[in-house]
Amino acid sequence: MAFIKVTPSPLRTLVVLALILSHARADPDPLQDYCIADIRNQSPYSVNGAPCINPNSACISHFTTSALSRRGNTKANQFGFNVTLTNTANLPGLNTMGLTMARIDMAGNGLVPPHSHPRASEVTICLEGVIGVGFVDTSYRLFTQILRPGESFVFPKGLIHYLYNYDLKNPALAISGLSSQNPGAQIASVAAFMSKPWIPDEVLGKAFQITGQDIAKIRKNLGG
Amino acid sequence: MAFIKVTPSPLRTLVVLALILSHARADPDPLQDYCIADIRNQSPYSVNGAPCINPNSACISHFTTSALSRRGNTKANQFGFNVTLTNTANLPGLNTMGLTMARIDMAGNGLVPPHSHPRASEVTICLEGVIGVGFVDTSYRLFTQILRPGESFVFPKGLIHYLYNYDLKNPALAISGLSSQNPGAQIASVAAFMSKPWIPDEVLGKAFQITGQDIAKIRKNLGG
Amino acid sequence: MAFIKVTPSPLRTLVVLALILSHARADPDPLQDYCIADIRNQSPYSVNGAPCINPNSACISHFTTSALSRRGNTKANQFGFNVTLTNTANLPGLNTMGLTMARIDMAGNGLVPPHSHPRASEVTICLEGVIGVGFVDTSYRLFTQILRPGESFVFPKGLIHYLYNYDLKNPALAISGLSSQNPGAQIASVAAFMSKPWIPDEVLGKAFQITGQDIAKIRKNLGG
Amino acid sequence: MAFIKVTPSPLRTLVVLALILSHARADPDPLQDYCIADIRNQSPYSVNGAPCINPNSACISHFTTSALSRRGNTKANQFGFNVTLTNTANLPGLNTMGLTMARIDMAGNGLVPPHSHPRASEVTICLEGVIGVGFVDTSYRLFTQILRPGESFVFPKGLIHYLYNYDLKNPALAISGLSSQNPGAQIASVAAFMSKPWIPDEVLGKAFQITGQDIAKIRKNLGG
Amino acid sequence: MAFIKVTPSPLRTLVVLALILSHARADPDPLQDYCIADIRNQSPYSVNGAPCINPNSACISHFTTSALSRRGNTKANQFGFNVTLTNTANLPGLNTMGLTMARIDMAGNGLVPPHSHPRASEVTICLEGVIGVGFVDTSYRLFTQILRPGESFVFPKGLIHYLYNYDLKNPALAISGLSSQNPGAQIASVAAFMSKPWIPDEVLGKAFQITGQDIAKIRKNLGG
Amino acid sequence: MAFIKVTPSPLRTLVVLALILSHARADPDPLQDYCIADIRNQSPYSVNGAPCINPNSACISHFTTSALSRRGNTKANQFGFNVTLTNTANLPGLNTMGLTMARIDMAGNGLVPPHSHPRASEVTICLEGVIGVGFVDTSYRLFTQILRPGESFVFPKGLIHYLYNYDLKNPALAISGLSSQNPGAQIASVAAFMSKPWIPDEVLGKAFQITGQDIAKIRKNLGG
């Protein structure tokens, strides 16, 4: 979930953090006890799945992280959410384990906008607040639910889904497991209107049946 | 690619055909010579991957199809495209083979709108016309190219991509291979604005930074 | 994690619940949008991975569960723990998604005894209390850590690991993601000494270098 | 499909091109958005699947190729065919995508001799001419069909199959998708009689029930 | 390895036994403790991987077999060999385990003719006699070795290989592990010349550069 | 099976050899003809799966080994057994082949103690002696059998199992195939009581329901 962290421009942070995540590697079956990601590795090239350090150099710090312990900054973007993941950078022992965990913070009325994970299914559990969730299948059928603390929901692999905090005031918190160490994410509206460079207006105009002015307005509102 | 075929209402056809496709099964490693999909199977339940007929009943018709031989109807939707796939319904021997083929027809100025395949990578080859293609990665970086006959392009797994016929008059044709027998597809604009039921306005309004009126207009234009 | 739930005899519950879990199916790649487990299925035989209902019959209840919302009964066994999982019985939409979530409750001084998951890696996050965790690799090297709320830890696939509540009075709570919809579990001491039927004394005596009396005492203490 | 390109001696070209292909890497699940093959990589060792460049260095040229745009030279071998593949050398972005595309040119009366792909299933579509195709299953049952333009056929993974241009004068053209980025290929007759070094005569004599003279004649005719 | 057992006509036995084997199912990751093949299953359709019995009905006989204990009849074919496999018919507990074992008996001067396994790699260990082995890679390079008791050899997945007993008088015995529960096999000479129906003469004539008379002679000698 | 070889202290050998094995890499699908492990590789980091040499440098010695030809020393540990595996160190061509072979030697009354393989299923065939085998499933049900020469048995992936030579005097010999090139192994008693460092007494005391004195005695007897 390559989302928003702490810098002023939502798009810039989208890009910065997404880049960080898209550099992480993922998901071969675990083929030895552990294959601890070599995050200091200065190799000129990478592999599909992170290179690992010598197993003899494994130490306890490689298997533990407090990355998910801090509430994320939900003010860094106009959607009012923050997603933090364990990944091979903050938890090197995660490499080759075939899953990751995420904490999802939402401000009052915050939204994790409709997005998809190209490489993972997700199971989310609501810990705080009242969260509206939904996904759309390839038949364009929408499945929605309201989650209260302790309730879980499944987002099938690769399908567009969202989480929404219906409480206007209080924040919401969810923990998710994802079936890849590097699930990746694309927010549909950001991918469509805020890519660098931009998708040509004739393509977006036809796809969304809107005018160039509409497109310009959306881009402006999204911080482009 | 659960797209448009031949009926008047684009959305209805989207839904109808997507349903057909989403019933197809896919992609276990081929575990016997062939596992011919039992398309007459009336079993009350299905499996992850189609059940197969007795191998002794295999015959040549299970391994061949003319489904891709006919030019698709590009007038059935306002985007001006048609995608036809080999699948376990029209080519039962495809079951468990781990790939499928698609023919993509575009009318003059036709568009295959930005969409993603939740379960497949794609390699497309342009056979006729001049086709603009592009995909957005999880860093929201756009990669675009103009394809002329014989030129090929890669769309990585699960990422939003599009194909556009820059020629206002003449049709375009492309053949694609996809790395799943049931890749599935979601057109971003249709999934966001035309799902059944609709995604709540507050979610779309916030995600696209638009008003309820904008949403209503988009839905109307998309045929909702 | 085929562990202990609510009935008086720890072993009986071990067996009963483990049976329930070992009937669940798991982990083919998701090959359609969803393959909702048919839990009413009375078929005389099963498949590797649960059979699914007709996708047209999918409804929202298949994708949501409150199974993890209730604190587990940690008094049902002498170890003082309870593990509850999402599985294809309480969350049919989980089928083929390639992961599951678990809530781990520990009483004061409670222990999740050394165990292994034959089919999954695990990432656990401590939500309440102070939890000592450890795993042993195939070189018989032990990695241990103390987790406080928000801290996460990786247990590599198939390796023996444990969780221990160092607080004598207060309960502890952790949430885990596992990389299989049916990870399975074997508690080393229970598998060795409480199997039905029993592993021959000469085998256990030699393996643990103990006498038949020692074995009998361990079995008696474990509730056999 | 490690076949014939443009040099005079069919065998030499078989070997040369096969070597090129057998150096290509293949088929881990795509584990990041893309893992562009580093074809300039001078590393003394390789990995199972090509090493990739830094994702930041990705550019559009990595995802596009005109390798399949040119008609292949079908005169370079006595069989009268030419196969050209997209691979990690001519299309670096193909790495980890799990499929490849091939163009198959056949001269009048040309033959793609009986061969197998050790790592892929294949779906072929006839674009020009009239092509006779067939495969043999492990029960030694032959399935054959005549393909006309637009008709498709499935060749199951690892099974011996062939394509034959029944038109004595006009060339034929087919496009195939294969379920591996490096399917590999072995022509049965070439593998049996033209390996380097040769398979001992007593082995071939017994396997084909022929004499040493027969073997020598076949080798001579195959250009050995 | 769908080879020869005990009936007079080598081809008939090839076909009969190959059919038996090609009905066996194979190789999903083991997704529960065990998925015992239901060999009494009369279901009108099958699945990719055998359906299993209710785990409660598992009994010790499902996990054990003496199928490999008997020396095979090496006189049933003119090649002088016999291969016996564990499979889901003689060892139902093998289903979903991802491997199988084979015993290879060769008469004096016996040959396991050049063949390939479409779905498995193989590691063989010589137990009796002196066995010449070899495989051809996709570059048509031959690797050969002489194995004496206790020596092992690797045959890579899908590549043509053979085993030959150099001792004119004494039998030879080898045990192999294969990386699929249903590896399948095609003897190159039998697939080319003895398929049912026959591959057209013009195809074989061109592929092997031989005449129709040569083809007829080979077929006659192979028992066609 | 990271077990005992030839040095006096059983534990030291356990650790030493296990380290050797845990350095081996394993099990991506074979993605080229062969990916010969570079065992001379001095790279500061490794990958999930061994790096390979240039395929041009492949030679016959990479595909053959006599590692399993010698009877193992069953006196190096108090259990009276020895397991020798083919691995990427003694058989570099095994890399990426997805399986390995093992020879299991047991002295009279020797035991391969209850252990599990985190990454493999196993099929074993008894070659000499009378071997009692058993495994425990995740329902804590024990399946046992007596194997005589030629009889085979399946040990499902990741489950605790043992082999025991019931003959007090004569040695026993078995050959196993395992579904990973690096299955790994953990002996339950050694992992529980002989890890380095030790698992805390309160954990073991509670798990096995024994006292600190019992633990000390077991450790002493196991050679700690």
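First chain written, first letter: the chains are A, B, C, D, E and F, and each begins at residue 1.
Definition applied: contacts are C-beta pairs under 8 Å (C-beta built on N, C-alpha and C of every residue); 3 or more make two chains touch, one makes a residue touch a chain.
Every value quoted in this text rests on a predicted model; they were computed, and no experiment measured them.
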Message = Quick check on the contact network: minimum steps from chain C to chain D?
response = 2
Message = The A-D interface: which of A-F, A-C or C-F repeats it, judged by over half of the contact pairs being the same residue numbers?
response = A-F
Query = Looking at chain E with chain F, do both copies bring the same residues to the contact (over half shared) or different ones?
reply = same
Message = Need the CA-centroid distance for the pair chain D / chain E, whole Å please.
response = 25
Query = Quick one: chain D and chain F, Cα centre-to-centre, how many Å?
reply = 40
Key: For chain D, residues contacting two or more additional chains   = 19, 22, 28, 30, 33, 47, 49, 118-119, 137-139, 144, 156-157, 159, 184
Request  = Assign the assembly's chain-to-chain touch graph to one of these shapes: line, ring, star, complete, other.
outcome  = other
Interchain contacts (touch definition) - all pairs = A-B, A-C, A-D, A-F, B-C, B-D, B-E, C-E, C-F, D-E, D-F, E-F
Message = Which stretch or stretches of chain D touch chain E in the complex?
response = 2, 11, 14-15, 18-19, 21-22, 78-79, 111, 113-114, 116-119, 132, 134, 136-142, 144, 156-160, 162, 164, 184-200, 202-204, 206-210, 214, 217-218, 221-222
Note = Within their complex, chain B touches chain C through residues 19, 22-28, 44-49, 118-119, 180, 182, 184
Key: In the complex with chain F, residue positions of chain A that touch it   = 28-33, 35, 38, 41, 43, 47, 49, 51-56, 95-96
Query = So in the complex, which bits of chain F are touching chain E?
reply = 30, 33-34, 58, 60, 63-70, 86, 91, 93-94, 97-101, 121, 123, 125, 127, 135, 137-139, 143-145, 147-154, 156-157, 159, 175-179
